Each structure stands twice: as C-alpha cells, then as structure tokens.
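Presented sequentially are two complexes of chain A, the first with chain B as partner and the second with chain C.
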Partner chain A sequence: MLRSVFRSSRVLIGLTIVGILVVCAIFAPLIAPHDPNEQNLVSILLPPAWSEGGDPSFLLGTDSLGRDVLSRLIFGARVAMTVAVLASLGAMIVGAVLAYIAGYFGGRIDALIGRAVDVWMSFPPVILSLILMVGLGVGLRNVIFAIVAVDWTRFCRVIRSEVLVVRRKDYIAAAQLMGFSHPRVIVKEIVPATLPLLITLLSMEMGIAVIVEAILSFVGMSVSANTPAWGQMVADARQTIYEAPWNLFLPIFAIFLAVLGFNILGDGLRRTLDVRLIARGRT
Partner chain B sequence: MLTTIVPLIGRRLIASIFILLVVSVLLFLVLHVLPVDPAAMSMPPTATIAEIEAHRREMGMDQPLWDQYAIWLVKLLQGDLGTSIHFKRSVWGLIADALPATIELAFLSMLIATVFGIGGGLLLFASRGSYAEPAIDLVTIVLLSIPEFLWALFFILIFGVALNVLPFTGRLDADLRLPEGSNFLLLNALFSGQFAIFWNALKHMVLPCFALGIAFSPAIMRVLRSSLIDVYQDDYIHLARLRGVTETRILLGHALKNAILPTLSLMGVQFGFLFGGTLLVEVIFSYPGLGSVMVDAVRNADLPIIQAVGLAYCVVVLVINTVVDTLYLVLNPKLRAQ
Partner chain C sequence: MSILAVDNLEVSARIGTARIPVVSGLGFTLQRGSVLGVVGESGAGKSMIGRAIAQILPQGFSVTGGLSFLGQDLIGMPAEQRRMLLGRDIAFVPQEPLSGLNPVLTIGAQIDEHLARLGIGAKRARRDYALDMLNAVRLPRPADILGKYAHQLSGGMCQRVLIAMAFASRPKLLIADEPTTALDVTTQSRIVELIRDLQRSEGTSVIFITHDLRLAADISDQVLVLYAGRLAEYGPAKEIFADAAHPYTRCLQLSNPSVHASRIGLYSLPDRMPGISALGSIAGCLFGPRCPNVIDACREKTPRAVSVGEGHDVACIRSDLTARIDPPLRQAIDKKPYGASLLTVESVSKTFSMTSGIFRRTNFQAVRNINFTLQQNEFVGIVGESGSGKSTVARLLCGLETATEGKLVLAGRDVTGGDKVSRQHQRAHIQMVFQDPQSALNPRRSVASIITQAMEAAGQATWRDRLAKAEALLHEVGLPSDAALRFPSELSGGQKQRVNIARALCRAPEILVADEIVSGLDVSVQAQLLNLLLRLRSERSFSMVLISHDLAVVRYLCDRVFVMHKGEFVEAGPTADVFDHPQHPYTESLLAAVPRDFVADAARRDRRNGISPADEIV
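Right, the complex of A and B next:
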C-alpha cells in the first residue's frame, strides 16, 4: 500500500510543495536574505528586483516599512507550518478520541458527543475561532488551541460514522469474545481500520488550518505583530494596494500554494488509500 | 405530507433553542474568563481606580458569573442586548442595521454558489471517462484551495485596481445616499423605484458575491458528481436508456432529481460556512455588515457586541440549516409517501 501511495503523482506533487514550505520554515534564518523585521525606511515599497526601479538585494521588493518581502514570506511559512501541523494534529487527536468513544460505546455517551458536535456546528468556524482568540489573547499557542477547539468536529463527525461501520464487523466481535478490554479493542482493532481516513482528513485539515491562521492574522488576532505571518502581510499590503499591488499578490500566492499542497496531498492519499470520504468541509 | 413534515420541523426548532442556550453559555464563559477588562477599557485613560471600580459595579461585573449570565439572558429575552462600550449605541440597533446587509450578501452568494456548484457538478460528471477528466479534476482541487478571502483580494486586484471596472468598497458610491427605510438595500431600492441606486448597489455586490460564491461551489460540484455517479448505478437509468430516452434527458430529467438530495444536505453545511465567510469578505470590501461590526468590536474588545453578534451568527446558521432540512424533506419522495 505504501508503495502505491508514493507512486501517485498527486501525493508526490503535494509532498513536494509541502516539503519546500517546511524547509523554508525550519531553515528560515539561513535562507532569508534579511531580518524580516528590519525596516529600511529609505527604500520602501520597492518593486521586485527584475522590474524597473527594483533593487537586487530585495529580490521580491519591500513593503511599506521597507522590510524585505521575500524574508517575510519565508519567515511567515514558520507560523503557517507550525499551526498547520500542530493544530491539525491536536484537532485530530481530540476529534478522533471522542469519535472512537462515541462510535464504539454508542448510547448515551454517543448522544452527548453528538449534541456537542451539533452545538459546535451551529457556529461558523471563523466566528468561533475569532471569539476564542478574543478570550485567549494573541499568540501562537492560543491560535493553535483555538483551531483545535473549533475543528475537532470535522474529525469527530466523519470518524464516528466510520467507527459505526467498522464496529459491526465480525473481527471486532471476535476480539470482544476473546476477552479483549474495550480500550484494547479500540486501539488494536478499530484505530488501524480508520487510519487511512484519519491520514487523509489530517492532510485536508492542515490546509484549513493555514487558511484559518491567515484569516486570524489578517484581522490582527493571531500571532503578535512582530512575528511575520502571511495574513498580516496581506492586511499590510492592502493599505498600499495602488502603489504596490505585487505586495498583495505574493502573500496571497503563498497561502494558496500551502493550501494547494495539502489539498493535492490529501486528494492523492484519499485515492490511493481508497477512503470513502463522506463530507468535505471548509472554513 | 404536512403531517410528516411539521413534527419534524417542530423537533428541529426545539433542538435549535437548546443549541442556542448552550451556545450562549459557552459564549459567555469564553468571553468572561478573558484577560482584558472591559470596564477599564471603556473608561478614559485618566480615570482613577475607584472610578473604574464604580463603573464595573454599574456594569454588574462585580456579581458572580452565574448571576451575570442570568441577568444577560433575561435582558436578552426582553430584547435588550446591552449597549456597545465603544460606540455608546444599543447593540440591538447596530445589529438591526448590519444584519440585512449581510443577509443580502450571503443570499446572493449562495445563489451564485448553487448555480456554479450544480453547473460545475454536471460538467464534472459529463467529463467522466474523457481524456479531459484528470485535468478538470485537478482544476477543482486548485479551486478548492482558494478560500473566499483570497478570491476577494484577487478580484480587487484584477477588476478593481488593474481594470478598474467594478467598485470594491462599501455598498454604494460615496455621492449616493442610502435610501430611507429598511437596510435590505437592493429590495428597498427596487421596490421604491430608485433604479440608479439599485444598479449601483448591485455593482458593489458583484465582487464580494462572486468571491464567496466561487469559493463555496467546488465542494458542491464534487458532491453532486459523486452522487450522480451513485445514481447512475440504478436500474432505472438503464431502463430509460433502453426506452430510447436521450442522454441529456436522462441526466437532467431523471438522475439530477435523485442526485440533488445528498448534495442539498451538504449545501446546508456549506451555507453555514459561507455565512461565516462573509465576515472577512465584508472587512475586505469595507461592506457595512455584521462581519465589519464584529471585527471592529473584536479590535475594541467591545464585549456586548461580540456576544450578541456571535449569537446572531448562530441564529442565522440554525435558520439556514432548518430551511435546508425542510427543503430536503419536501423534495424527498420517500418521506412524502409516508
């Protein structure tokens, strides 16, 4: 199965895009030509180096405070990738654990978790995460927490219905008859059966997390102002849209690329792992 | 038919009230454990600590949390949403001004999402097995990867700044005045015969509505395609083909009707998300709706507004879900037969 996964061109394309962004994020201080917060007030709003008036030392130009756009994009990948990985892993763990409990035991606990999902689903995710950020205050840890607290339902709904199918299989009954404890049945028998779905959802969720972080940092409710983030760059560039439209285009493209990478990867995984993906939500 | 639908909707409404109550408790808890102090924030910076304390008592913030919640809930039920700390205006008035704008925006966007979603879904389905399928499929993934606010900014760059053909701030040009009466601007202008205003307002809606509509259509396309593929496994499709019914008629007259049901239930969820998506699109287009009010309130830590607007979003999402569920029941022949 693993070999067919890596033979899928979608998986490879997705992994390549994500891989490049992860490398940018990890080695940002080594790759970035400038300090992302270094202001250069004599050379503000420079266009990219190849166009007229560009400065070769600022390859993709500068923003309204004379900060190097390329360096800010590279450092922005740090926030985006950290949030993508940690928030989606967190959402997966919370959502999946609740889904296993609800789907396996059924009855009252299932109804309770189902109600909780209903309550969460009545909130548009963007609104809920924004309100949580008001309550928690800005900061990377809080962004991750807010996304976990909002997006666990995406995993819970889908995994729960998968668990309902799996738990009716004979081998589950066999395991129970052999006297396996409930936690052991879940961990040894049910979790492996839902693993392909889990991996696919995780990849999709990473794209969603990038979008949510960008939205939050766009309205100034994500990481603090001195940490470069793509959404923040978009918000800054919006102020100088007529003078420097490329400043707006570049972070837009970065966000798009990251989401595309995760989505293509997720789609490739879904096809090769043969997952019946029931619902596909978005922000 | 009514006898099956009415109790189901009734149950749905009761569940919605329960959900709203839980949401209101959660909202209240989240917003009252936060580190900012709204009493201090609403006072001028020269205020003394004693003055702030007095103000806090005035706002009822010295009471235990449960009492505060009870007071808030009772006032809420009486139609009193409190007063904005920042704008010194009744929150109810702020919402009443902003909500119609957001509903118009969301409604037109849903229309566009539906047209594009169903049209695109049919196209996707029709392309199955052809050499173009992988390419078209890839295009839908690319489209899925562009959230509404990126479309919005992209449209502003192209149609607003580069081509300069469409306006991208507010609801009307600065030299036009909002007409008297309801804030459902399009309806209001249309029915009072102010076509210049109607036309201008419509032009202002094009970019935000297309940004939202296009962003939310790919998911609908993909679900419609997969439910069409499911439907085509059924015998009646083969029978229709044997009877000599044309492929187009099989698709549009027979299969689409059955494939639309699963698509509809996804659209309920999608439209809930779309309504949330209006928040950022409004901010980007300086569109004076609920989202703009919310973001202003967030920046000013204006708690009464954040609470009330958060609840307003929930109410609208629950209404959308109930409408979609009802539509689902009305369209579902299996339930009609009972």
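Right, the complex of A and C next:
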C-alpha cells in the first residue's frame, strides 16, 4: 500500500509543495536574505527585482515600511506551518477519540456526543474562532487552541459514521468473542480500518487551518504584530494596493500554494488509501 | 421451431495482451415453449450466456460465433434493432430484485414507463393493464402496490413485480438469471412455480440460470451443465438428473445434500473451479485436475461433446465410468457417542426496544420462550426463514446479546446475567463461526493473526508461538500452511470460511455456534466444509448449534432440529422424524418448498424393492 502511495503523482506533487514550505519554515533564518522586521525607510515599496526600479538585494521587493517581502514570506511560513500541523493534529485527536467512543458504544454516549457536535456546528466557525481569540488574547498557542476548538467537530462527525460501518462487521464481534476488551477492540480493529480516512482528513484540515490562521491574522487576531504572518501581510498591503499590488498578491499566492499543496496531498492519499476506491480500480 | 440457436459461441476476455476464452464452443438450440436450465457453480460462465444475448458484457470481453434469435443474427445486428428486441421479445428477470427496481419511483410509475416504452396500450388503458399484470403474478391488492416504492415491498414481491414486467410484452424468450437466489426458501419455490405457470400459459421459452442442479432438473425440459465456460453435459433434464454422464454432473449431485436422505455421505470434490487466469495452464479437459476418473488421455486434448443418448451430449471420453463414482461411506467420519449435558436454555426470550419517532418506544420480541439442551458431541440445527429470530439465538448463546427473560446454563454455570465473569465463561466454552466470511475476517490482518486472535487477547504469546498454532489449525481445517501469512483478500470464499472455522477452534471450545456458514458457497465447496465439520468432531469432539435456512444441510449434519418461526420453536425433534413426518404446518410449508428430489425418490424406490444402499453404509 505504501508503495502505491508514493507512486501517485498527486501525492508526490502535494508532498513537494508542502515539503518546500516546511523547509522554509524550519530554516527560515538561514534562507531569508534579511531580517523580516528590519525597516529600510529609504527603499519602501520597491517592486520585485526583475521589474523596472527593482533592487536585486530585495528579490521580491519591499513593503510600505521597507521590509523585505521575500523574508517576510519565508518567516510567515513558520506561523502557517506550525498552526497547520499542530492545530489539525489537535483537532484530529479530540474529534477522533470522541468519534471512536460514540461510534463504538452507541446508545446514550453516542446521542450525547452527537448533540454536542450539532450544537457546536451551529455556530459559524469564523465567528466562533474570533470570539475565542478575543477572549484568549493573541499568540500562537491561542490560535492553535481556537482552531482545535472549532474544527474537532469535522473529524468527529466523519469518523463516527465510518466507525458505525466498521462496527457492524462480524470481525468486531469475533474479536469480542476472542476476549478482546473494548479499548483493545477499538485500537486493534477499528482504528486501523479508519486510518486511511484519518490521514486524508488530516491533510485536508491542514489546508483549512492555514486559511483560518490567515483570516485571524488578517484581522489582527492571530500572532502578535512583530511576528510575520501571511494574513497580516495581506492586511498591510491593502493601503498601498494601487502603488504596490505585488505586496498583496504574493502573500495571497503563498496561502494559495499551501492550501493547494495540502489538498492535492489529501486527495492523492484518499485515492491511494481508500479501500473502496482501490477495490473498484482493481476489478 | 427453434427460438434460439447457439452455435459454437465463444466469449473471450482480454487479459493483458492475451485473449482468454471464458466461454468456449457452446452450442444448443432452444425450442419454442421449452425451458432450458443452465447449471454450474460460480465461475462456470453461466451468466455469460444471458449477457452475450443482451450484448451487455464487461469491458474487454467480446463474443464470436453464432447466436440467432428466430433466425436473426443477434451478434451482427445493429444496436438499435437489438434494443427493440430486448425487453419486448427477449425479457430478463434479474438476480437481485431490489436492485432491479428504481428506488425513487413508485412501482406504478415504473410499470407505466415500461409499458410506454414497449408501446403497450393508450395512456388510460395502461393502469388497467398494469393491474391485470400484477394479478397474473398473484400479488395481493395490486392497486395498493402500484402506489408503493420498492423498499416497501419484500424481496419476493419485488421479484413478482419484475416477473410481471418481464411478461408484460408477451416475450418469446425469458432469461432468468438466478431469480430466486436472493430470496427465502418458501418464497423461492413460489417464484419458480410462478415462472413455470406463466411460461406454460404464454408458451414462452425460458433460459433458467441457476447453481442448483436439483432446482434446474425440477423446472427444466433440458439442462445444460457448464464447467469453466465449457459444455460438460447437455440433455433432457430428468435423464441428466437420474443418469448423469459427465463426472462433474455426477459429483455435483453427490455433493448436494438431500432433505430426505441423511445417511449417504457427501462427495466432496477437491479444490475448486479454475479462475479465468488459470484456464490457460490446464492441458486437455479442464475438469481433469478434479476428476476422480482422470487418466493420461484426458490431459492430451479437450474432449468433444459426443452423443450418449437421444439429445444427450457429454464432453467426456470416459463417460461410461461416471455412474461408478460413489459417495463416500459415511461411517468413517460419522458420529461420536454423546457425553454429558453442556448447555441448557430455559424459556429464554429477547425483546429489542426500538425508538420510533422522538419519544415513542416500540418493543419487538425477536425470540420468545425457547427451550433446549445440548449434549457433548451433539449437533443440533435451528431452521427457519430470515427474520425468524435464528441469528438472535446464535448471538444470545455466544453472549453477544443478553436475554431479557429466562435462564442460560452453560457447563454448570448460570451465564444469563451477562456480567464480566459469565462472559469470560461463555467465551471459554462457546465460539461462533460467522455467516459472511467477507465481513468476519479483518482484511488488514494476516490469516495467522486472525486465527490466533484468542492468543493475542490472552497476552504473553509470542509471534512464533502464534504462527506455529496457526499452522497447526490450518492443517486441521485442510489449508496449506503457507496460507498463514496471506491476507483474507487472497483467499476464495470456501478458504475464508475454513479460516473462520479455524479461528473459532483456536480456544478449543466445547460448543460451536455456526450461523449460515455454508450459504452463498458453491455446492462442491459446501460439501467440503460439511465433511470437514464431521471430521473435526470425530477428531477433537465438540458440539454444534447449526443455524441455517437450508434444510438439507441441517439434515446432513444434525441429529436434532428445531424449527423456528416468528421467534418461537414451533417444532422440535430428531431430524429424520421432523423432516419425514412434519407435524406443524410451518414445517410442512418449509419442506414443500424444497425442489423435488429425484435421487431420493429413486433411493426410496430401491428400498421398496429391497435394495437399500443407504442402509448398508451406516
């Protein structure tokens, strides 16, 4: 199975994009040509180096405070990737654990968790995360927490329905008859069956987390102002949209690229890991 | 005049660059108003005939040869013309009645659409015509049925609707592909009777495709037996059944248990039919590798069909020896003396409570006041139709459900409560063999890991211990030890069911609960499994509760039987007594639904004449 995963072109393209972003995030201080917060007031709003009036030392130009856009993009990847990985892992763990409990035991526990998800989902997600951020205050940890608190429901609902399908298989009853305890049945029989779905959802959720973080930092509700973030760059560039449109487009493109990377990866994983799709492809 | 003439028909599949003939050299003619039964196990290519006629073959398949309907060449005919024939002059009855109907249209709308397409009647008259049609298939209150959806009707009713639609255009040829396989036993016989009656009154020719030789012999005038896409035998139905000339037909018959005779052993053919990819690697006769009469000459070339009687052809060079293939002696694998009483079920009931709407709760009593005891080494059967509560009994015995009333005593201990200790007690003594091996085997575990799951649960076992145990168990159930590291998807249906049995045996239980373990398997594989269970009992001694809708299987294995109807045991007793002299009308109706049995009839005749081969055996 693993071999077919890496043979899929979608997975490879997705992994390449995500890989580049992750490398940027981890090695930002080594890659970035400038300090992202270093202001250079004599050369503000420089266009990219290849266009007329550009400066080769600021490859993608500068913003209204003369900060190097490329360096800010590279440092911005740090926030985006940290949030993408940690927030979606957190949402997955919370949502999946509840889903396994609800789907496996059924009955009242299921009804309780199911209603909680319903109520939770009835709040508009962006508003809910904004309220959470207002209450908690800015900072990376709080952004992650806000996204986990909003998005666990997505995992919970999708995985629960998959658990219900697997739960009805006779091999679950067989495992019980062999003397497996309930937690053991869940871990050894049900989790492996839902793993492909879990991986797929996780990579999709990473794309969503990038967008939510961008929205929050756009309204100044994410990390503090001296940490570069893509949403913040979009917000800053609004003032000078006519003089320096590239300042707006470049961070948007970065967000787009990150989401695209995660989505292609997720789609590729779904196609290669989903047992039903594989079976159909083979016959 | 012949309705359908098939001459040297070949259906081939493209695999890679090679073309492999899936059906080859098939020829027969179907006379007006006669019924042809096409018999074979899964993979025999029997559905290919219907598909070749309709030209609905899977991708990569192609048809060559002669296929003419009323003198018109079906293969060369333009698609448009064929479409006019199909549904009007050639009608189909599918295997799965529910998937044959559109779930979002009412029955009335679908019949109307069908009639409009055929151009039958003006718009006003169509409703009356539809009512007549439904009356003809003996559906009660046809006016109500027109307004219903497929899911509101039972499988048998859906099949009647489809049969009505098939006969609506007064077709000249009806192709019924396993029309009763998905239905209950009693429904099956009524559907077969219905097709037969309509066929007679309309003078329709029918191709009746089935895996059940006995059913085919019962309904058909001619029978065509297929093996791996090749004609094995073709001839008059009664003659083929009474005097099979091809060893495969004979073995099929001998491996099919009978409701009326319990004492003959079942013949179990080794191995299974070659798959498409294996066809090329067998030299000469394709049945050769499994044939009891095989000699070197069989491997030299593919046998041609030769006539052995009036309109009776057989593709075997040693057909004169076929009648000498005998069923095995049963005593060799037969029963052991009973031991102490193991299990007592005292007036056990199970009520499910279901929520309907938000606040309303309805109670459904699935099992009502059942009583029985089970002794060591005893095999008892529980028979009944689907929905009779048989499977709930199985789950109650294993402790997957808790009884709402009554008492369950297992090996001297009351396990009714369903607390942890009694569950452990139950698990040590009772194991279950599940119905559907597809769902019962975790596709992500290797066979060895599945079989020795009980050791994993107990902890401490190393993988090496488990592998050794798995190989021992595989050997017991007749699978090669290299199967241990394979995954369920690499096994055939029969092999999976063996793994299923091996897993249940791992904890050496004293009682096996087997829920429909052979349904959906081919006859020859079924015979292998039934004999396996008998052999295992003689080797390691255990009792079994066999739950089945198949009376013949129960008769073959079980000494006592309980007939279950709507959650209750309506009749109980020694299997031979209950099946030979049923007391309860429900038991009678179950027995009446079983196709007539020519072999048993013949055996009974023999007994009257003083020759009783069956009695000599035991």
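Methods note: the second predicted complex is superposed on the first by the 274 of 283 C-alpha atoms of A that agree within 3 Å, B and C clash if a C-alpha of one lies under 4 Å from a C-alpha of the other, contacts with A are read in each partner's own complex, and residues count from 1 in each chain.
Following the convention adopted for this analysis, a contact is a pair of C-beta atoms (placed from the backbone, for glycine too) under 8 Å apart; a residue touches a chain by one contact, two chains touch by 3 or more.
Quick caveat: nothing in here was measured; it's all calculated off a predicted structure.
Steric overlap between chain B and chain C is absent once the structures are superposed on chain A; the two fit side by side.
When both complexes are overlaid on chain A, the residue A:Asp151 reaches neither chain B nor chain C.
In the superposed model, A:Ala193 lies in contact with chain C only, and not with chain B. Touch criterion met: A:Leu177 reaches chain C, while chain B stays clear of it. By the touch criterion defined above, A:Gly207 reaches chain B but does not reach chain C. When the shared chain is aligned, chain B comes close enough to touch A:Asp118, but chain C does not.
Between chain B and chain C, B contacts the larger number of chain A residues. Looking at the shared chain after the overlay, A:Lys169 reaches chain C, while chain B stays out of its contact range. Working from the superposition on chain A, the chain A vertex angle toward chain B and chain C, CA centres, sits at 90° in steps of 10.
Nowhere in the superposition do the C-alpha atoms of chain B and chain C come closer than 5 Å. Interface of chain A with chain C (complex): residues 168-171, 173-180, 184, 188-189, 192-193, 275. Every residue of chain B that touches chain A in the complex is listed here, in rising order: 15-16, 19-20, 22-23, 26-27, 30-31, 33-36, 141-142, 144-147, 149-150, 153-154, 156-157, 161-162, 216, 219, 222-223, 266, 269-270, 272-273, 275-277, 279-280, 283-284, 294-295, 298-299, 301, 306, 310, 313-314, 317-318, 321.
Contact residues of chain C toward chain A in the complex are 395, 398-400, 424, 427, 431-432, 434-436, 439-444, 450, 453-454, 456-458, 503, 506-507.
Of all the residues in chain A, the ones that touch chain B in their complex are 115, 118-119, 121-127, 130-137, 207, 211, 214-215, 218-221, 234, 238, 241-242, 245, 248-249, 252, 255-256, 259-260, 263-264, 267, 279-283.
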